[in-house]
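In what follows, a single structure is set out as structure tokens and then discussed.
The chains carry the letters A, B, C and D, assigned in the order they are written, with residues numbered from 1 in each.
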Amino acid sequence: MTELLALIVAKYNFWLYIILMMIGLYAMIAKNNLMKKLVGMNIFQTAIILFYVSIGYKHGATLPIIQGDHGGHGTHGGVIHAAEYINPLPHVLMLTAIVVSVATFGVAMALCVRVYRRYQTLEEDELRIRLSEK
Amino acid sequence: MNHMPAILVLAPLSGAFFSGLAAWIKPWLSFYIALAATCLSGVAAICVLGDVMAAGTVQYRMAGWAPPMGIELRIDPLNAMVLVLISAIAFLNLVASARSVDREIPDRAPSFYVMYQLFVVGLLGVSATGDLFNLYVLIEITSLTSYTMIALGEEGRSHLAALNYIFIGVIGASFYLLGVGYLYITTGSLNMQDVAVILQQIPGSSSAVLTAFVLCILGVWIKMALFPLHVWLPNAYAFAPVGFARVVAPLMTKVMVYVMVRLMVTVFGLEYVFNTLHLADIVVWLGVIAILAGAFMALFQTDLRKMLTYIIVCEIGYMVGGAWLGNTLGMAGAILHILNDALMTFALFLALGNIVYVRKQVAFSNLQGLFAAMPWTMAGLVLAALSIIGVPPTCGFFSKWYLVLGAFEAGAYHFAAALIISSLVCAVLFFKVFEICFFGPMATSHGHHDHGGGVMTEAPVSMLVPLGLVSTAIVAAGVYAGTIVNTLILPFLQ
Amino acid sequence: MESIISYKPLLAVLIPVLVIPVLMSSARRPNVREAWVFAAGFIMFALVVSMTPVILAGHRIELTLFRLMPGADIAFRVDGLGMLFALVASSLYIVTSLYSIGYMRGLKEHGQTRFVSFFALAIASTIGAAFSANLVTLYLFYEMLSLATYPLVAHHEDATSRISARRYLTFILGTSIGLVLPAMIYCYHVTGTLEFSTSGIFAGQLSKPGATVLVLMFVFGFAKAGVMPFHSWLPAAMVAPTPVSALLHAVAVVKVGVFSIVRVLTGIFGVDLLGAFHLGTLVMVIASITILVSSCIALSQDELKRRLAFSTISQLSYIIFGVAMLSSMGQLGGVIHILMHAFGKITLFFCAGAIFVATGKKYISQMKGLGRQMPVTFAAFFIGSLGVIGLPPTGGFYSKWHLISGTLEAGQTVFMVVLLLSSFLNACYFLPIVFQGFFGKPDDAPVNAPVTVREANLCLVVPLAITALASMALFFFPQMFVDLIVLGLNL
Amino acid sequence: MKFLGFVIVCLTGGLLLYGTLDLPDWGDPASPASTHLSDDYIEHILEETRVPNLVTAVLADYRGYDTMFETAVVFCAGLACFLLLRDFRPKKDRYFRHIPTGVMLHVKNPEVRIIPGNEFEHMDREWVPSDRIIKTVCRILIPFIQIYALYVVAHGDFSPGGGFQGGVIFGSSLILMAISYNLKTLMKRVTEKFLSIFAATGVLIYVGLGVLAMIMGGRFLDYGMLAPLVPWDPGHIRALGMLGVEIGVGIAVMAVMVIIYVNIVSEGRHDEGL
């Protein structure tokens, strides 16, 4: 029991993000309305982004912008301790992931507009009926 | 310094933006820019292949940073082959598209060519890169472009198909991304080679590595439409404009198979996949199910295009099953089938494109008397079909040969049986079609003139030439199968 | 026995293929087209003949085109057996081309260019099969032949030909992909080679059940040999124009099937292995069932071509029967039957075609008294039937003789009875036709009407006369072919 | 479907949770993720590139190849919206107001051509007179937003910010204009041609810098090789290179933002909408 608690305390953020992802995933699969599916998609991707960003975190470290004198004229004052700054890589990756998810969302949005223009509905079951009609 | 690997990817990329700009000067310019760009990247690909065969693996450090800090392009025999394949098919399809796109997307053809080149960039990048996250970005480029271009097809249905594809595709890509995340947490690196090295020291029992592996593979399977996850593919490819279906059908799934092989061989290592995990038998069964399901679903189609899409699903089963047989022969067969299946599918869809160009609809009832009307197209179609069925000396026979040998060696007789059954079913499928095409409408069947009835209404030469080239390539890939395996595939697997 | 590298076999295969574009381009000028056909035929025949003395001198001609996998290349090897078959096919191709000119023009058939083109393709793949050095190459040409003959069977493009062509392809492709392909790959998996060798390629890697299954897969898989129950495509394929039935469904296609089985039995398994597991007897039983049953069916057929087809089925099984006997006498008799039956049966088909062209009659019951109108044709028919029944003075006697004495040698009286019985049946379904033809009274014609000789045109009569005479000649001069077989199977 | 979804979710979630068991604890400074690569980055970036904002440095230099494709993705999204939604057909019924009299005309026949000028004024279907307060506030606000956007782009090397962020801010300023006035006002100022050319040029600046480095004899995107071009400050050449690509990114993102917005709100007609 205690070790389970320890486990949860040690990894709670991962677990929260996973739960968030699953909410989004469920919406993507189970919802009937295309827009709701899109919202689910966004939740899913955002949860992944949070998951990644949380990887970068280090206890007792600050954001990865080097403080102090960086006039950049050759020498740099004071040596840098890696432990002082959190890991920049996940942030970089997630900038990309954010852009990708936004782009996907935009395309999906445009498609929804087209579909609505054609069928006057975004409910999947109604769409299925429309398709089976002709 | 050898810049070929970079040029390979950059040519279509910059080509895309230039043709986007040129469209504002003269719309037709963008097509020729696209042609030049894909041609250039094809040349570069061939040069890279030459280098790889001469001097082994080629590396290109982007921005001059050494991996793992920077991103590197890493090209070994396997992806050299895939790169040449991609750029060649992209170029030929562009040639064939010159006429068909103007007919299908009249008012925004230039933007189509821009999208097309970005799609090609995505595929090339996926095959060239040596970085796990870069792979994800490029997969997303490929997916985004294909969502869009699929939605340019038949009004309404194509949009729904594309939306469906987006939802499933996003899930796939996100799974892959999550898998990479787990890998990054456990190894702290993103470069394939580096990750592979670090994974050596991590105990195989690690649940994180297992999860990473399962997630990556699942994501790739969704993108490649392995049977239970294939639901998006048939509609997406059937309603897409032919100009795009011709290139996405042969390339997209094959590139994903390449990614799977790359993950299995380079990143996680066959040792881990087959000896530490015990999934191989299950996956081979999945392959068997995919083969049979694809074949039999194809049997119930009444539209040539739909039928072909289900055949793609069936062929995916070949490659997944072969790759997971767990012996060199099976893996070699799977890799060889990446090449062969791309060629066959491309030829099939080129022929399909020509038929669509002439007859608009390709429901079976519209195909009567095609042999008389379009002999050249049908010749290509027949050859490709024979290759799918697996008749020597076409290339399909030889990949099937290696796969069945691998199945025998692994004792997976159910897989061998599935292969044989699927070729029988494909034979039935295609000869059903050929029969319809051979016998014209019964009314005019007894014309007593030389040529067996019907007047020639053949597709334009610009669409026939690529078909001819690909048909010859099918036979060439067949008779030189042994050479390809010995010079490209086995060196990679050693 | 030394082996010589030469391009002749490749040329012999390529020439009919290369001539096809020319044929297509000269579609509008039939005479030019036929001229090309003959040119191709003669060159091919000349090439084959020019190789004969080398083979008779006990050498082999070899040529490897592509190295696919170790032990399974695309390669040619000309030995006695292949030589015999190639001689038969290439010589009869010339005769048949002459015949088909008469037939197709006599009936004003459509799509003649397509017809001759695919005919050339078919003969090319036949020669290729004859010269194959290993099972992969053989399989390649076997499939090529199946596909090349599809348009010929479906030539009429009407409902019946559609059904027949479908059945034809279903049987041929289905069996070859479903049975031969896996069996072949399994052989390669076990032994790592598919080269034909007179001692067989298995060195004790096979158990008795395994070997039995493989043999059955091959014997039934090469369905072109028409072993029951995979025979019913052959009667169906009779809807094709008669030249096709004559050359392909009496000589080329069906014999390729038989030839493949002979190759596999002697070259892949080898006599010793078959003998050790008593598989020869098994195959003989299968063959004799086919022989008897199809002969009985043939009796009940009224359409002449269908009757010929069923007789073909039974005659093909003679060859398998002989080879499965595993004794030199039997194998000699069986293999030389390829030659003898070819000339006999093609004559019969030529006659059937000639009768159809001249009078439009297909059914035996309509042919009473026709012999007096078409004496040459019916004489040829008589000789042909003698050849098939196996009576002197025709070559058929030679093969029958060896088969029967083979059974006597091995003391297998049951099988001898089978042979005698089937010969009797052959006589029962052929001779009445001739008898009725010459002495029967036509039902429709008035009594003592003056009989006028109305033969078919020369292009039809000359070929059937030639083949009839040839099958008589074979009775007197079979020696060269015997030598070829002895060398080929080194008996 | 719901049940299936639930099962899938449970399985995936279970797998993910199972995977976390062997992960290092959250924020553990000794975990491989925060030691293997990140230390190399943190310790070397400053003297290698002279850029204190590590994220920008990694983004635009070490993983610049990634970022280039990221920009391509943005471009792709804009192009997708254009391809899917753009609708060149003129709308059937249009609304005009005769300014002197204030009479409203509803024109159904597309043949009838009324040139909006000081006599006639084009109007939207559900036309609300745009509010003076909003207009004025936005007119004041927009320039400052745009200046701030430029600052965010330019200062990305030293503080949080960069091309994407700046581009988004700039684009939103334009969108704000479209909201406060109406779509036509925006489209008069930034035409479609202008936007698409900007979108393409933005990415081309990025690729071009990389190719320039190749021409100067380095690898693709190797800004270090550009030093001879800026004799006055070769020390900061990598920083300058990053600034260059960030500008390109900013332009592309800005243009694409507007393209997406315009096409979606007006269903591709570019005449009216939010």
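In this text, a contact is a pair of C-beta atoms (placed from the backbone, for glycine too) under 8 Å apart; a residue touches a chain by one contact, two chains touch by 3 or more.
Note that the structure is predicted; figures quoted are calculated from it, not measured.
Visitor: Relative to chain A, which chain has the most distant C-alpha mean position?
Guide: So the chain farthest away from chain A turns out to be C.
Visitor: Across the interfaces A-B and A-D, which one involves more C-beta pairs in contact?
Guide: Spelling it out, more C-beta pairs touch across A-D than across the other pair.
Visitor: With centres defined as the mean C-alpha position, give me the chain A-chain C separation in Å.
Guide: 72
Visitor: Take the average of all CA coordinates in chain C, do the same for chain D, and state the distance between these two points in whole angstrom.
Guide: 75
Visitor: What is the distance in Å between the mean C-alpha positions of chain A and chain B?
Guide: 30
Visitor: Report the inter-chain centroid distance for chain A and chain D in whole angstrom, where each centroid is the mean of the CA atoms.
Guide: Using C-alpha averages as centres, the distance is 18 Å.
Visitor: What residues in chain A touch two or more of the other chains?
Guide: 21, 25, 55, 89-90, 96, 100, 103-104, 107, 111, 114, in rising order.
Visitor: Residues of chain B that contact two or more other chains, please.
Guide: Correct list: 133, 137, 140, 144, 147-148, 151, 159, 178, 184-185, 190.
Visitor: Would you mind giving me the full set of chain pairs in touch?
Guide: A-B, A-D, B-C, B-D
Visitor: Taking the touch rule as given, give the residues of chain B at its contact with chain A in the complex, in rising order.
Guide: Residue positions touching the partner: 133, 137, 140, 143-144, 147-148, 151, 155-157, 159-160, 162-163, 166-167, 170-171, 174, 177-178, 181, 184-185, 190.
Visitor: Within their complex, state which residues of chain A touch chain B.
Guide: 21, 25, 28, 34, 37, 41, 44-45, 48, 51-52, 55, 89-90, 93, 96-97, 100, 103-104, 107-108, 111-112, 114-115, 118-119, 127, 131
Visitor: Over in the complex, which chain B residues touch chain C? Could you list them?
Guide: Interface residues on the chain B side: 386, 389-393, 398, 401, 404-405, 408-409, 416, 420, 423-424, 427, 431, 435, 438-440, 442, 445-453, 479-483.
Visitor: Tell me, which parts of chain A touch chain D in their complex?
Guide: 7, 10-15, 18-19, 21-22, 25-26, 29-30, 54-61, 63-67, 70, 72-74, 76, 80, 82-83, 85-92, 95-96, 99-100, 102-104, 106-107, 109-111, 113-114, 117
Visitor: What does chain C use to touch chain B in their complex?
Guide: Listed in rising order, the residues are 27-28, 65-69, 74, 108-114, 136, 139-140, 143, 147, 151, 154, 157-159, 162, 165-166, 169, 173-174, 177-178, 181-182, 185-186, 188-189.
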